[in-house]
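Both of the next two complexes hold chain A, though its partner changes from chain B to chain C.
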Partner chain A sequence: MEKFIELFAEQLDAMSEVTLNADTRFRELDEWTSLVALSIIAMVDEEYGVSLSGNDIRSVNTLGELYNLIQEKL
Partner chain B sequence: MPFFNIENVKMVGVSACVPKNIEDNISYPYFAEGEAERVIASTGIKQRRIANSETTSSDLCFEAADKLLEELKWNREEVGCLIYVSQTPDYILPATSCILQKRLGLSQNCLVLDLSIGCPGWIYGMNMISSLMSHGSIVKGLLLVGETPSKYKSYKDKSSWPLFGDAGTATALEFDKQAEPLQFFIAADGYSYESIIIKEGGFRFPFRHESLEEKEDNDGMVRNALQSRMDGMSVFAFGLKQGPAAIKELSSHFSIDINAIDFLFIHQANMYMNEKIRKKIGISLEKVPYSLDVFGNTSCATIPLTMVVGAGLDKFRNGFSDNLACAFGVGLTWGSLYFKTDKIKIPELMEI
Partner chain C sequence: MLFSLSGKNILITGATSGIGRAAAVMCAKQGARVLCIGRNEERMCSLLTELHSISSAEHSSYLLDLTNNQSLVDCVRELPPLDGLVLAAGINKWKPIPFIKLEEIHELININTIAAISLLKEICKKKKLKECSSVVFVSSIAGVYTTSMGNAMYAVSKGGLQAFMKTAALELSSKGIRCNSVNPGRIETDLIKNNTQLSDEEIRMDINRYPLKRYGTPLDVAYSIVFLLSDETSWITGTDIVVDGGLTLK
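Here is the complex of A and B:
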């Protein structure tokens, strides 16, 4: 989970100072843009070999839920 | 898994035509402050060509084909088939291939066919035309592949408009018993047909006055019901998975050594995605030519357009080269092709 949050943070703007944890509602972040969404999909594909769809991303709210979804798809 | 090994057909020429009108992404008005720079940096798309209201995909293909026929010095009477691949036909009916047959001055003894395929249209078209030609009944064939996405995209849709451009292409093929085989992998996932869709204006939901009403869609973009909408995240995930898989499936089925390939033509979706795909396949940058920087994603036309305008393609243009192509898009559909070429005819890019 910690590793996942770290990888997620790397996809955000380097200037961003937001602190992320399992309860962060990631789609409500100011930094959340469609380009960030694509980089999350690419990161999850590379790091976990899991292909997330748009619906998958829209179906969860927090980083913890997103992480659990990836674990289920492993 | 549908794999095809098609013999006796060789590619002898390719040409392309784009509209003169250039649109620069840096001055696109619906981007927020700094957004244009970010989008250009990540997609690699700086500018695109946009057709005027009188120019259709078939007009662009016609110019490309006319020029190619001239340079190949083909007798037009000998062209035995014409396949037109596009999702922007001139009319609901008749098929646009009939109109192109007439404009190009081809014989009535010519098989004509329209195919409605998006981004992998060139690969699907090559598969169809080479299948038709491999028995030798047809000696010369033309594959015209073109799209004008600007006709069905919302100008106010910043998630899509800045990525797409218009282009038309022509590919010439000949029956030749000495030809190296064309090897294909072709696939489709109709279960995801709604991923990229124009909802109204067909016969499921015919045109009505309300079709023209602009509305904010659930992705926050403003468009009407005659304009395409794309689930960008899902399509990105699909391309990232199936693009490399299409190359891997093909190369393992036909024992193709990816390291020995001269060029890999990847459908020009966007630089961010294509670079991810290139790295997954493990092929070096100089073997992967691009056209998206100045032409954007021209849908089914990207691969033949890249053959005409891409950098570093001297060997492809003037010598013998070993090539791979892979594309993925609306349908969803995807495929890959392994083909060898030997000094094919490539006229200069045309502009109208």
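Here is the complex of A and C:
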């Protein structure tokens, strides 16, 4: 989970440090954009070999839920 | 009849799906004999059945992978003299720049750009294009007029194709051969439907960006292709027809 949060944070173009944890509602972050969504899909494919769809990303709210979704698809 | 293709031999790549398929069907309806290139046997059979139901012309098919140069050379050798060529084979893959893989960009450029260049090169070398024939490149607004996040590989391949079209138009003009492109916005084809990276909500928002409030259909593009293949456009070369529901007006 920690590694996943680290990889997720790398995709954000944050000027200031954003504190992320399992309860972060990632789609409500100021830094959340369509490019970040595409980057998360590509990162998850590269790091976990899991194909997420745009609808998958919208089906969850927190980073913990997103992480669990990836685990289910492993 | 305006825009008739009666008696013309038209070769179409990427003929078994999307814009290529719609173009094949429309060309047959306008009286052409359609020569189809594609990779999928099942889809090719279904296309030929449809073409034969439209007219009794001698429609035919060539099953091959255009990125295999030997197959391409063998195919061109067998071709009859052509009145028209439609280069519609294409794939897409969305990746933000840090995630671009070299093998993926090679594959995309090989199919979208280099296969079209190789085929036209071979056809010219073997003098298979008749005088006053017409070549239509299925390009895109991406890489030519605009681009979008994550679409770098596709934009590069289509920008290259567009540059090649213009050079080909100039070089082949002495033989009376015309080269033009159609540049679609987002068209509802399998290429798009299979892209699951956008959520339903994002697709709704994307459609909303189009002044005409819908994505295009393969038929929207096929009509422009028929137009450029027809003798009515015999003084049009090196240009493009944007078919994008007004998106690039913004």
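Quick notes
Simple rule for what comes next: the second predicted complex is superposed on the first by the 72 of 74 C-alpha atoms of A that agree within 3 Å, B and C clash if a C-alpha of one lies under 4 Å from a C-alpha of the other, contacts with A are read in each partner's own complex, and residues count from 1 in each chain.
As a working rule, contacts are C-beta pairs under 8 Å (C-beta built on N, C-alpha and C of every residue); 3 or more make two chains touch, one makes a residue touch a chain.
Please read these numbers as outputs of a predicted model, since none were measured by experiment.
Within the superposed three-chain model, A:Leu35 lies in touch with chain B and with chain C [touch as defined at top]. When the shared chain is aligned, no partner comes close enough to touch A:Glu6: not chain B, not chain C. Look at A:Ile57: by the touch rule set out above, it reaches both chain B and chain C.
In the overlay built on the shared chain, the residue A:Glu47 is in contact with neither chain B nor chain C. In the superposed model, A:Asp23 lies in contact with neither chain B nor chain C. On chain A, the surface patch touched by chain B in one complex and by chain C in the other comprises residues 34-35, 37-39, 41-42, 45-46, 51, 53-55, 57. Across the complex, chain A meets chain C through its residues 33-35, 37-39, 41-43, 45-46, 51, 53-55, 57-58.
Considering their complex, residues 34-35, 37-39, 41-42, 45-46, 51-55, 57 of chain A touch chain B. For chain C in complex with chain A, the residues that touch the partner chain are 94-96, 98-99, 149-150, 196-202. Contact residues of chain B toward chain A in the complex are 38-39, 42, 159, 231-234, 236-238, 240-241, 272-273, 276.
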